[in-house]
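What follows is a set of structures to go through.
The same chain A turns up in both complexes below, where it pairs with chain B and then with chain C.
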Partner chain A sequence: MELFDYSLFVSAIRMVSPILLAALGGALCARVGIFNVGLEGLILAGAFSAIVGNHFTENIFLALLTAVAVSVLVSLLFGYATIHLKSNPIVAGIAINFLMLGLTTFALRAIFDVKGAYYNKDMSGLPKVDIPFVEDIPVVGQLISGHSPLVYTAFLAAILLYVFFYRTVTGFRVLAVGKNEAAARSLGLKVTTIQYGAIIMSGVLCGLAGAQLSLGQVTMFTEGMTAGRGFIALVAMMLGQSHPIGIAGSSLLFGLMDALSIRLQGFSMPTQFTAMLPYVITIIAMFFLKDRGSDSLAGQHTSR
Partner chain B sequence: MAHRLEMRNMTKRYGEFTANDNICISLDQGEVLAIVGENGAGKTTLMRMLYGLEQPSSGEIILNGKKVSFSGPQEAISRGIGMVHQHFMLFYDFTVAENIVIGHEPKKYGFFRRKAADEAVQKLAEQFKIGVNTAKKAGDCSIGEQQRIEILKVLYQGADIIILDEPTAVLTPFEVDGLLKTIRFLADQGKSIILITHKLREVMKVADRVTVLRNGKVTGSVHTSETNADKLAQLMVGRQLQKLNERDSISGDILLEAKGITIGQKGEKPELDRVSLTVRHGEILGVAGVSGNGQSQLIQAITGLRAVQEGSVRLKGQDLTEENVLARRKAGISHIPEDRYLWGAAKDATVEETALMGSQRNPKYSEKSFIRKASFRTRVKDWISRFEIKTSSLQEKAGNLSGGNLQKLIVARELDFHAPLLIAAEPTRGVDIGAMEYIHEALLEKRNSGDGILLISSELSEILALSDKIAVMYEGRIAGILDRSEATEETLSVLMAGGKQHDATAKTS
Partner chain C sequence: MMLPQRLHKLFTPLIQPLLAVLIGLLAGAIAISFVGEPVFETYKAMWEGAFGNFYFLTSTLARATPILLVGLGVALAFRAGVFNLGSEGQMVLGAVSAALAALCIPGPPVVKLLAAIVAGMLAGGLWALLAGWMESRFKVQLLISTLLLNYVAVLFASYLVAGPFQDKTGSAALAQTPMIDQGAWLPKLFPGMSVHMGFVIAIVCAVVLIVILKYTAPGYEVKMLGLNPFFAQYGGVNKVKLLLLSMFFSGALAGLAGSVEVLGSQYRYVDGALTAPGFAWTGMMAALLANSNPLGTVVTAILLAALETGAMGMERNTEVPLEVASVIQAVLILFISAKLTLKLVKFRRKEREVHGTV
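Right after this comes the complex of A and B.
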């Protein structure tokens, strides 16, 4: 087995989608001036409820819907805390993360009566989409075709979000809220509605991210299976300066690291070591973030 | 005939405190109404109610004969009321055109038609003779331009009634003239304008009528044709204003010596170019200049907020060039900052905390790392009574003080450090004429006691009234330093516009 080959990039693209989806959700929040640290918890909620939905309805579409619905509910909790109760978004976000870690672990035992992980070979995961013609092209076909629909959704979402931000009126107003909330309010823009909208959309995106985790490759849920992806998504968001295309790029980098860390395990590297890789890259990325991240972090203009 | 706008018996209470008490005003088409009054008189509050930002406790607003109530600015805007805030409400990363159309963007299927926006703004600017560059980023615009953006914005929103809250406080004299012309032009086009200002000269120049507020009540309403600036001043502060007395030069040893200060990125035009100046004991050195010509950088270089590339700063012979802000303050510099919200106060802190800033390590007010507020309070209360700072309590949020009252609090704080050198940047920005007189006297008293003051102001009259020597800044350089006796508004204006010193003195002498 080689270190770098097609299949590495194929799995990288697969790994990208949860990070990219969640990072886009985070960017939406950042753009309205809310730093959403709760991405991790939102993804976890989505991953778990996707399995629950799948188990009870035996319908992949309904499973996705469940994941989205639950994530949105959780994100509304976050929104209520930060927007209505004006609590610190970092604190609220961390609370959401721990809440979801505990809640999914608890529900795993309560619903499936198992500890640690739930796996059922009869459950069907997300289908693979073979793109006609494209799949026959050598190399490119292998890379692009044959992924779960959520992989394509993720990249599509990045493009749509770009168009939304920079071409539509609503997107323009979303940006305005993040840049100067007081000014947006004085113009009579519906700041609160816009902020809730962004948070709900981040719930939708994180729900999909979670579903990709639990239904995309293997059909199973393990406790804390997000393993910090929500935080990596946050870094991807900052590295991409909350710009959808930038985020797609940085997410690809992190997806590649994710895939590489798994690949390295095949080279008899200890898992504990390879699992560090994405985080090492994250720390290195931080150096480049030094003064770039801050802009998207608060989403607010600081000067004057 | 019915008035275009009437506000009847408007009252606004914040808890116990009554900010507006039964205020009545009226406004006709094509009329310019000035509202004047001391700091904290309730001018901004009244306008915020008209614009839907605050709900009146009681009273009614009648617009074109119909009673209306606004739950938010959106409703006020849709009824043709626009407001240019005391602090601009701009998006600095957006273009001028984007800033103007926001909220009413031209669109097609939900897509923002930026080109159409640009054209619409250009047309509007031509129609009302207000010059702007639509493609520029708002953050790159000068203060004057930013204000024009704000005015165009309300015009774009279709406002018939335009509220301007202290629009001239931050403008240069030249820009003020431009604004006053615009106001007159708009009124001639049938717009109605409410102008809040502390500058009576402006009132006399553009307003048709003046309403004077004091302590939340109307104390008078007169036609400008039937009054003059002195009478107005008396209505405002309830007493006659005094002229500053002439004084002798008493300047002593060198206190502050700045030599060849240069700030700027390599390869670019420096923001501050080899600026040298000295302030002596018992001297007020005024720095005049159109804002944006390096004054801010000069202040930051001397106070230590920004590192200098070249040059040195010495206080009483001690080299401070490498020292930080705290060390410089300790060495004997206090500083009234030009932007009270950015450098001078924390909006969410209380009045007391704002007052304490800078004294927290003073052994008189702290003990073993604990702050002793009780002993500090008497001092703050003294400031509040001397400077007539209006606040409901010491626990009030600093951000809730009216603009002028917060300014007074900061001035009081910085004066009370009794530092040998005071850097006073726009010390009377936004304060009423009574308080201005008091602050001017306090500054002179400080000078007479032998301290030095570096006074930076965009108000020429302030510079001329207070300074012993006047330095004029132009494009990051000192264009000339004049003695009090040779400086007049004309000589200074020439230098401020980039003229040479001998031209300036030759032309006018």
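Right after this comes the complex of A and C.
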């Protein structure tokens, strides 16, 4: 077995999508001045409800819709706590993570009467998309073609978000809220509405990320199956400076690290160091990006 | 005339926590009835599981021990106005250092035990100090760096016990250190019960923390720094030194939490044994619930531990999954946090007034 080959990059691209989707959701929240630590919980909610939707409707599209709807509901709870009740977003985010870990495990028992994991071979996962013509190109075709639709959605979302932030008026307004909430309010921007909008969109993106986890590669749900991906997404968001293209880059890097540590297990090498790399890189990057980094965390003065 | 006022003063801060507990229990009740179990009897089983007899009571206290120590550390950092999200890493590094010190340092068992505790506290403290130093020297946000350093610490500890310091004596290759000499174990408080000396240490730490915060000059400076950093600086407080000091002791308490868990209940460092039960996050919740009051943290740590051990008892006796506990905990925190930030917002506004800018 080779250490680096096509399949490594193929699996890296596959692993990128949940991280990228969630990180974009986190970036939207960060851009309106809310540090969303609850990504992990939102993804978990999406992953679980995707399976529930799939089980009851046996329709993949409706399953995706369920995942998105439930994640949005949870994100609204987060939004209500942070915007209306003015609770600390970090505390509320941690609470959301705990709540979803508890609720999904609980509901797994209550709905499917199983413990640990739910798997049903009759359930169909997300289809593979073979892009015509591209799939026939030798190397590129192998890399790009044949992923689940959500993989493409993730990269498309990054581009769309970039266009939204930097090419549309509403996007500028969103950025303005994050830059200076009071100034934005004095200009007559509906700050609360914009913040809710960002939180709802992050719910949508995290719901898709969860669906990719539970319906993408394997069609099953296991307790706590996000396994820290929400936090990796948060780190990818920080490293990418809440800039959609930057996030796409950092997510690709983290996806590659993820794929690499799985590959290294086959070589009986310590995987801890490859797993550590994303965090170490981000810490080092914080030294250089610190001035701009505070930008994406405006309104977060707890550490002062 | 005096008495109602006093009562008012005593109970006003308790209203919101009690309300939050009530809402948490209500959410739990909804979840329980969703499974179709009788609510009242399930809660009774939960109570029995946490406090039903002497054995369960001591199990609850044993579980509260690391939660309390972590909570005290987080509370101390909060008081100084910083959000230490890195308790998990500090605790794990403390635990693995304590285990390795107890294994490697020669000498009589008592020396090993003391060395292990010191090593654990140092490791946790220095790890937290690193984040504090990055904040004060390079303006790397503490909130982010502590979160990131968690993963580095946990993975590094996992490497240590899966690689160079792995227990090779057993037949199965588990990621854990060899067992510590029995002489270096923290003694149990009651024979056959799981609560150990660590609980006493934790209570002593809480008392010491109260005394320091209430009656000493550095404690006053820490509180001032947390309440209003500008005023504190104006009053001649060395902000950097104080930040580093409070981070060090915050981490040391988390390290101590890991150490006593290793020395008092597991007798070796097992990979994941401290992270899987979520001691660090529960400890953070305990500090938040108590609004960073050390004495209050003692109460909330025991309360949260009781929820967890109670849920285990409940799962043994009813059909309700034990995750009800995390649902109750999460709802509790969600509603308690509303208060916490009302205060933050208030002093943020003050901050702006001082500056004259936003």
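As a convention for this text, the second predicted complex is superposed on the first by the 272 of 304 C-alpha atoms of A that agree within 3 Å, B and C clash if a C-alpha of one lies under 4 Å from a C-alpha of the other, contacts with A are read in each partner's own complex, and residues count from 1 in each chain.
Quick note on the criterion: contacts are C-beta pairs under 8 Å (C-beta built on N, C-alpha and C of every residue); 3 or more make two chains touch, one makes a residue touch a chain.
Everything numeric in this text was worked out from a predicted model, so none of it was measured.
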Partner chain(s) touched by A:T192 [first = chain B, second = chain C, both, neither]: neither
Which of chain B and chain C A:Q217 touches, first, second, both or neither: neither
Most chain A residues touched (candidates chain B, chain C): C
Partner chain(s) touched by A:T170 [first = chain B, second = chain C, both, neither]: first
Touching partner for A:K179 - first (chain B), second (chain C), both, neither: first
First, second, both or neither for A:S7, with chain B first and chain C second: neither
Common interface residues of chain A - those touching chain B in one complex and chain C in the other: 180, 182-183, 301, 303-304
Contact set on chain C toward chain A in their complex: 31, 34-35, 81-83, 85, 134-135, 138-145, 147-149, 151-152, 155-156, 158-159, 162-163, 229, 281, 284-285, 288, 321, 323-327, 329-331, 333-335, 337-338, 340-342, 344-345, 348, 351, 358
Chain A partner contacts - residues on chain B that touch it in the complex: 52-53, 72-77, 83, 85, 89-94, 98, 102-103, 105, 107, 110-112, 139, 339, 342
Complex contacts: residues of chain A adjacent to chain C: 35, 77, 81, 85-88, 90-92, 94-99, 101-103, 105-106, 109-110, 115, 180, 182-183, 228, 231, 234-235, 238, 270, 272-273, 275-276, 279-280, 282-283, 286-287, 290-291, 293-294, 297, 300-304
Residues of chain A defined as touching chain B within the complex: 167-173, 176, 179-180, 182-183, 185-189, 301, 303-304
